[in-house]
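One chain, subunit A, appears in both complexes that follow, with subunit B as partner in the first and subunit C in the second.
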Partner chain A sequence: MEYADFFTKFISWLLTFEKNELILAFSAIGAGFAMIAGIGPGVGQGYAAGIGAEATGNNPKASKQSTMVMLLGAGIAETSGILALVIALILLFANPLIALQGDKLVLASSAIGAGIAMIAGMGPGIGQGYAAGKGCLAASINPDGSKPSLLVMLLGTAVAQTSSIFSLVIALILMYANPLATTEGHYLILSASAIGAGFAMLAGIGPGMGQGYAAGKGTEAVGMRPRLQPQIMRTMILGQAVAQTTGIYGLIIALVLLYANPLINLL
Partner chain B sequence: MEPITGKALILACSAIGAGLAMIAGIGPGIGQGYAAGKGAESVGRQPEAQGDIVRTMLLGAAVAETTGIYGLIIALILLFANPLINLL
Partner chain C sequence: MGSEFGPKIIYELPGGVVITETVVNTWIIMIVLIIFSLVFTRKFEKIPKGAQNVVEMIVDLVYSLTEQVMGKNKQGFAPYVGTLFFFLIFANLWGLVGLRPPTADVNTTSALAIITFVLIHFFSIKSKGIKGYLKGKIEPFPLLLPLNIIGDLATPISLAFRLFGNIVGGLIIMSLLYGALAGLSMKIGLPIPIFEAGIPSIFHIYFDVFSGVLQSFIFVMLTMVFVSMEMD
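Showing the complex of A and B:
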């Protein structure tokens, strides 16, 4: 064969395996990729814990309120790590790809794509943790009037969650309703598209972190001047919406790769 | 099994490349979020200057968006106007 180089040898070696063997092997890699998302909540919650300790030191009387807000915020920051864990557990224990019809390399690559997409959860984890720290600080400074700032923290962290939910949707599409498996085309292009769709979703790391930072600053500002809550919140939401754009670009590229792949027709 | 031709390899790598290009979106997201945070902070400090603050924030966010759009353009070129296959 003219192209009998390492790459083609590698691919044809992969193709010597049975369909289920290949899917399960790649699912193991995908599960590992998904868990990289855990970096985010770890960093974010660590920051919140540090601020919590600091706040308790500064105002021990309010430590109950500030610790409560810290734990609430850390719980929110945990979400994207749990979403990634769920995808990894599904890949390991209830792998839906085996039951799907289609080319084995495409389905196996979809497992890796789904795992890579979940890494985006790193962003919301870090961002929401930052917001949790700021909420904790606000509760420590003004324990009795921390409601307006808590509300801003919850709203801001909810917005910051968006990108990890986008990633979850792409991962679930790849695993349960894989459009590439039923697409006519060269198996190598379709497989690479599944992995590429996962990579595109990594853009969500940025919006997650940035929106979380905005949520933190909004919480801080409202904590200092609760009466200005509407104006502060308006500015925060507007800025967060702008920060979402690149995450949406990534989602669009992933959806194009999955549903309207222009590369197949070029061959 | 269909053989892997050079053209198929280029197109497959283009799909992965398009996805990798979109990772650029991390930066604008972080930066614009930082701007949004500082904007919210400043409005809290000086609410009467909200209009000016938001205008500056959006101007800066637009500049920060550029590299994300560069990544998007490269991804779209790789997908819809792939120049590499014409070089074969």
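Showing the complex of A and C:
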């Protein structure tokens, strides 16, 4: 039982620190975790930029239009990175956890949980970037009929954003209205639940990428046949709603861990 | 939202009801929009001239957008769509005049999302009948009922927080940037805070203009799509 011994020692070592010191230390880790989300927008925008270059090469006449669509799509793909940046900046410059009442280990773990939750922004970033690329391609192939495809791209990417929005909700709950901090006792379980809630939100990576793929394909299809826009958009949004399901499972588990933790009653 | 980035409380009514910055700014936007609509819709003539041209163009635009997205038989939604769009545009760009955008408060965005939620389900029942509406909840098969309900509830949440997250994110980054620039000019010892003059404008273009206009558009579009999808 060497490991168990190490773990107890580690926890009791952590508990020797003062409340604020522990929270600030864990906030540093949380801020770092949150910024991992930057992988997504990076990949996605790179893809969009590549398609943009290709589109300009294929149809130089429409390069102005396709570049505009690419930049617009890349701007949208940036959103989840910015949301992660906001959480990291709040943890660094205006840490709300210090002012909260509650057990120090729980609050400190909440900082890590909030950071981990924001990693889910990776998915939407990649997906929206893919959609931006397809929108750019559609604008280059058919510059006159690019308006309907642009509309589909905007809507599709907005839906693909959902998972990182859910992560933001969980991160904000952990930081500003932490229900675990007001619960009494079983601090180890509560701290682990805060981190677990963050991990549950990582499921959002999948829906973000998948919905972005759907948005890209929908944009492409509308670009080719603008008249079918209503039907294509309908199928796309219905499919995206189904693709959201597993992300919503993650959200539910996170909310259960935070608000109706069944593990406490087992003891 | 908590202390530092939350809206300031301007006045507290007896009974614990607080009047925040958000409420006051919403009132100002309401007054501006009402005055606009009163002034510009006076003395309409058959052959339009001057401001009437612009007003007609805007109304035409809203109607054609509604028709394009929702279908010809649902043009009755256009007045709400237009109102929502102009309110959101004003609210999201409110940061440009140095005031706090009302949409940086989760209460405002939730209220708008709840209106959309009610619209979705009211018009779904109205067009399909209560039987058809309930039947739609157990499709494609009955086991999916809880999932359908959760999906329905997730729609307003994601609508509200998409808008709120974008606007409040921009607000927080901008206020941190202003703080950092002020600190920089103080450190160098400049009597005039010269850094705060030009540099933030680039960030305002992205965080206020780009994401503000885009998020208004997306909120309105998603409202239209969700309502019309549930209707047929």
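As a working rule, the second predicted complex is superposed on the first by the 263 of 267 C-alpha atoms of A that agree within 3 Å, B and C clash if a C-alpha of one lies under 4 Å from a C-alpha of the other, contacts with A are read in each partner's own complex, and residues count from 1 in each chain.
FYI, contacts are C-beta pairs under 8 Å (C-beta built on N, C-alpha and C of every residue); 3 or more make two chains touch, one makes a residue touch a chain.
These figures come from a predicted structure and were not determined experimentally.
By the touch criterion defined above, A:P143 lies against neither subunit B nor subunit C after alignment on the C-alpha atoms of chain A. Of the two partner chains placed around the shared chain by superposition, neither subunit B nor subunit C is touched by A:G50. Set side by side, subunit B and subunit C differ in how many residues of subunit A they touch, and the one touching more is B. Applying the stated contact rule after C-alpha superposition, one finds that A:T245 touches each of subunit B and subunit C. Of the two partner chains placed by the overlay, neither subunit B nor subunit C lies in contact with A:G42.
Contact with subunit B, but none with subunit C, is seen for A:G208 once the two complexes are overlaid on the shared chain. In the superposition on chain A, contact of A:K217 is made with subunit B only, not with subunit C.
Shared-chain residue A:I90: touches subunit C; no touch with subunit B. Contacts of subunit A with subunit B, set against its contacts with subunit C after fitting on chain A, overlap at residues 233-234, 238, 244-245. Here subunit A touches subunit B in the complex through residues 1, 3, 7-8, 11-12, 15, 123, 127, 163, 186-189, 191-193, 195-218, 220-222, 224-225, 228, 231-236, 238-240, 242-247, 249-250, 253-254, 256-257, 261-264, 266-267, going by the rule given at the top. Subunit A meets subunit C in the complex at residues 75-76, 79, 82-83, 85-86, 89-90, 93-94, 96, 99, 151, 154-155, 158-159, 161-162, 165-166, 168-169, 172, 175-176, 230, 233-234, 237-238, 241, 244-245, 248, 251-252.
For subunit B in complex with subunit A, the touching residues are 1-9, 11-20, 22-41, 43-45, 47, 50, 53-54, 57-58, 61, 65, 68-69, 71-72, 75-76, 79-80, 82, 85. The touching residues of subunit C, counted against subunit A in their complex, run 1-5, 69, 71, 147, 150-151, 154, 157-158, 161-162, 165-166, 168-170, 172-173, 176, 206, 210-211, 214, 217-218, 221-222, 225, 229.
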